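In what comes next, chain A is part of two complexes: it sits with chain B in the first one and with chain C in the second one.
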Partner chain A sequence: MSDLTPKQIWIVGAGPAGIAAAEAALESGATVGVIDENPAPGGQIYRALLGVMKPEIQSRVDALHAKGVLFLNQTTVIDAPAVGELTVKGPNGPERLRYESLILATGARELFLPFPGWTLPNVMGVGGLQALVKSGLDVSGKRIVVSGTGPLLLAVGAYLKQKGAKVVRIAEQAPAQRIREFTQRLVGYPYKLGQGIPLMLSIGATVRTSAWVERANGSHVLESVKINSHQEPIRCDYLACAYGFEPNVELATLLGCELHRGFVEVDETLRTSVPYVWCAGEPTGIGGIDLSEIEGKIAGYCATGNEKAAQRLMPTRARWMRFAAMLEVTYALRDELKTLPNPETILCRCEDVSIEQATEWNGSRAAKLHSRCGMGPCQGRICGAAGRFLYGWEHGTVRAPLVPVPLSDLTERDPELTNHTN
Partner chain B sequence: MEVGTYDAIVVGGGIVGCACAYYLSEVFESVLLIEPGPIGGGSTAAGMGHVVVMDDSPAQFALTHDSQKLWKGLFSQMSDACEVRETGTLWVAADEEEFSHVEGKRRFYEQHGVHAEVLDSQQVAEAEPNLRPGLPGGLRIPGDCVIYPVTAAGWLLEQAKRRGTVVRQGKPAVKVTGGSVMLSDGSRYTSAVVVNAAGGHASELTPGLQIEPRKGHLVITDRYPWFVHHQLVELGYLKSAHEMSSESVAFNVQPRATGQVLIGSSRQFVGWDGAIDHRIVAKMIARAAVYMPKIAELSAIRIWTGFRATTPNKLPIIGSMPEDPRMMIAAGHEGLGITTSLATGKLIADLASGITPRIDPSPFAPGAAYHHD
Partner chain C sequence: MTELIHILINGHAVTVKPGTSIAAAVLNAGTTAFRKSVSHVPRGPVCGMGVCFECRVKIDGIEHQRSCMVLCSEGMVIETDV
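For the complex of A and B:
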């Protein structure tokens, strides 16, 4: 059965999964729009690798533009007021969009875990520091410690070195043995191996495995960090620290999609539990750019009724899911990280709630109500994720607006549905 | 599965149940409080948290006035987390017609021992510079307060626990009679007094109680500590609260201790559907913007809904069931449960222990709502 009029597909997120989904949906003859928070398409990962969009990505985006795909940049979904509708906020204020199929390609953010001193100025995320450097922060001659887990530590370490920073240490919490096993299995993924080798050559000497920051020291600003494997604190100007990725499942949750182990539950066509809603990339499971691309394609085809085209891609997806499973095992977070914070270490940075205050209560909802943990503007995106790792907290409820918006955006009564036909 | 015997059992760990435990633990050796979720996690968490004297009816005035006195006796002992702020209430007149009733309202408050001041147009503007210019005036009740209800409920229960109250959390009560309470896991507790303080769910445990959920929406902003100083309520609020029509909104804005601005209010009878109704949120914010135009520029960080436990005569049900004096009710507090929780708990404890109550309990007795008609 096929529709006579092209289906209106909206894709949320213009990273690898979103762009691939747009291409596939377009191929099926749908009318496609892509919503993204950033000034330009590409998502976090293309920026993370290069700073500007890779030329081949730029040309893919250009091709989509040329074929009439509408990119709503600097636009954020704030609500899902009714079935088949999203409220988004862009440079021109709030508007309502109607979709026949929706593909969530919302990506992931870094996972931060608390330790004494983690709220000091100049302690930041790994991707966060990289983004700052790209927007003009000069790190030449600066001493930087990179810590946490995963291949991103190497990529960003090498990037910072290239920008003139002195990367004094990369502390990877995963044990050497696991990383060796992972590297051996990478021969099945030669292109990944090809990415890794130059990074190791550039920055490998500074890496310590089974190593993590126990404490960041400084009176007003970061001065040094204490790493478990080192007797003496290491003097540094910046600490870039992240413990892998946390999927962005807020919109999926708001829409009512079922989650499993914190990820959006999908069938093999990447359909969620909610009718007309598909999900691709990191929200279905952290797997990196290749899995995101292939899932984007599958979702783009399936959301437009082109299951046949999707079918051909299933084996490739399975292959990258095996890679994702390898990553998960290799970089699994160790229990010692749960013992780092002191009772007085801040857990909720928005509301200044300490570990002690938050853990007096049983579960995240009681902690939120009684200690204000997670009540701030970030709506528990940071402390909630940390609490899930540290204390097995449940996922909290998600309420509109997904991001803070001026009240005036909520007052307009029944705003007109915007007609974005091309 | 547990079995146990207590002098008194309170079913429900909202602020009313916690207040009942607080006062019952003063007169009984052993008290048990049963709550399936977090303490103060129901309507208590969803509400605004004002401690106000309201003049809607003589009974309501007596209960709110008594309760505010009880609160003020406790404030100095309460923890910082309870966020007690003596903001006062400013009832705002929208037009000359509304303003013409203000003096009568002031006299009523003053005659009953509550200080009240009439503010003229200029004084209102000075008191709250973000109100729309040119409003005719209002009535200030300086003694009204704002608290954070969840932690206040937790604090009351903490004091009760120090006097030996036992808290059983996690499982709901499924069967409640004058002498016993059964939980969903089969646990069974017996007692000389059982208090049904299950808020909007009270009628599920005690059939025949006329309590209906009345949905409300609230919006909270980021921190703007300079924006508003008093709890602000439009004088038309009581009319909005009183209308038993299917929906209404009223201007009600409150400064929180955090510097956040809490914006209400809406009233709807839609059963237990907790979904955010965007149309009513828009209406509510538009109403607030009529009084405070600049409010539209503030950043909203969260919207939520909650349910008031509403009775037909707009008064809570407090006291013993006529057919079984051991079965007591403390429920149906609609939008005033934070204010009236303490007077309710005190009344329950007094009635249960044979002490002459501080206020006339008859308007609140179970059955009073129907007998009025």
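For the complex of A and C:
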């Protein structure tokens, strides 16, 4: 396995938090590298459209390149074998990286909850469908139902409409009253309000509140969905359904970082409980792009000893944390969602373990041992998160490799292991 | 104009724009069953970002590749439902 040039700062994740962290760390004069699984930098929200980034993001990435920041794209961190070391898997196979300080900016994924029919092809996530459209999926003329919770439903609904789709319904589980209160408090965040108004004008008429998908129908592919507030099933080509976000804390957990309420615990300098490891963006709390950007900057400064520069940003971070708290209250998930799956509904999609089979045992660990729930390639990222909401399951333990890799990559990591398996 | 990319999906020749993920190309070609689950039912992409592993296909003979995380490149051979 080859050793890449050591960097003072390695950043995992090239979304808003990771890019901002790279900029700040560079300002302090550090040598910086950024690792991301995706083919191009940008993370979720800045995801390139058919390989082309928005000009303002492209110019930030170009500026970082020009100043010597190394971007390892299509490269996944799979292990943290020793203090100051990461194992990554990229197009050239596994490599080992050395860092003095590490900034985790690993973002979040969507939370998917089971309901009858949720495993049918063409039932997808909300950001998930958008990501596919950004990478070339043609939705023009397609009938699409968007459901779940949060402002992303509107953003994606409007985006799909702009791409020629017929967005037939947006089903938001939160009640109208809570959304009204949220909107009133948005006056304190005029620029967010400014983002929301055009979305409402574009797509607002299709929104129903206190509404959720009870069932998806189809034999081999999605044909229609049944929404609680409608008598008749709604015919559609795609269902985009997600219930907010789940932080990507697996790498932090592998490194030994303490979690609090499922998020990585950090102090105000965004230092984790593990020496030389900082964390920024969604893994510390779900607050959207502005909180991720500001946290990236703070972590980038603090990880390079420039706490003075970070101090100035702390009031702004506090402001966006209040916004995050507003989001959490407004879009809190209702208990009815826990009653949607039947006993035979699949919970673990990788191993096809039903709700009945998985809940025969107490807790995620027992379910895993007895039913293989969470043992598949996604390593419980989907069913584990659902189980935490549905049954209060604990966070499972995390083991390397963080994503499945061919045995040869692992054995190469450890010559001893090669001998054992021979 | 950027040049189009030629790939094969289940033996059919398909042309896509640069920057197209394999998952998007497969769906655009009208295929919704990307893989067969453990109990042999069809599955397709869910998360679009590399987490769920539901979009796995065979790319150039290598099985179990996440099609949402790989962009199409000239001459690629893709097989689904494996």
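For this structure, a couple of remarks:
Keep in mind that, in the parts below, the second predicted complex is superposed on the first by the 400 of 422 C-alpha atoms of A that agree within 3 Å, B and C clash if a C-alpha of one lies under 4 Å from a C-alpha of the other, contacts with A are read in each partner's own complex, and residues count from 1 in each chain.
In this section, a contact is a pair of C-beta atoms (placed from the backbone, for glycine too) under 8 Å apart; a residue touches a chain by one contact, two chains touch by 3 or more.
Everything numeric here is computed off the predicted structure, so don't read it as measured data.
By the touch criterion defined above, A:119 lies against chain C but remains apart from chain B after alignment on the C-alpha atoms of chain A. Once the two complexes are overlaid on the shared chain, A:79 sits against chain B while remaining clear of chain C. Of the two partner chains placed around the shared chain by superposition, chain B and chain C are both touched by A:377. Judged by the number of chain A residues each one touches, C leads among chain B and chain C. With both structures placed on the common chain, the touch criterion links A:400 to chain B but leaves chain C unconnected.
In the superposition on chain A, A:140 makes contact with neither chain B nor chain C. Of the two partner chains, chain C is the only one touched by A:37; chain B is not.
Of the two partner chains, neither chain B nor chain C is touched by A:231. Residues common to the contacts of chain A with chain B and with chain C across the two structures: 351, 376-377, 404.
Of all residues in chain B, those touching chain A in their complex are 37-41, 45, 81, 150-151, 154, 169, 219, 221-222, 258, 263, 276, 278-279, 281-283, 285-286, 288-289, 295-304.
Interface of chain A with chain B (complex): residues 79, 81, 351, 361-363, 365-366, 369-372, 375-377, 379, 399-401, 404-414. Against chain A, the residues of chain C that register as touching in their complex are 16-21, 23-25, 27-28, 32-34, 37-39, 41-54, 56, 64, 68-71. The residues of chain A lying in touch with chain C in their complex are 37-39, 44, 48-52, 74, 109-110, 112, 119, 121-125, 127-133, 135-138, 220-221, 349-352, 376-378, 381-382, 403-404.
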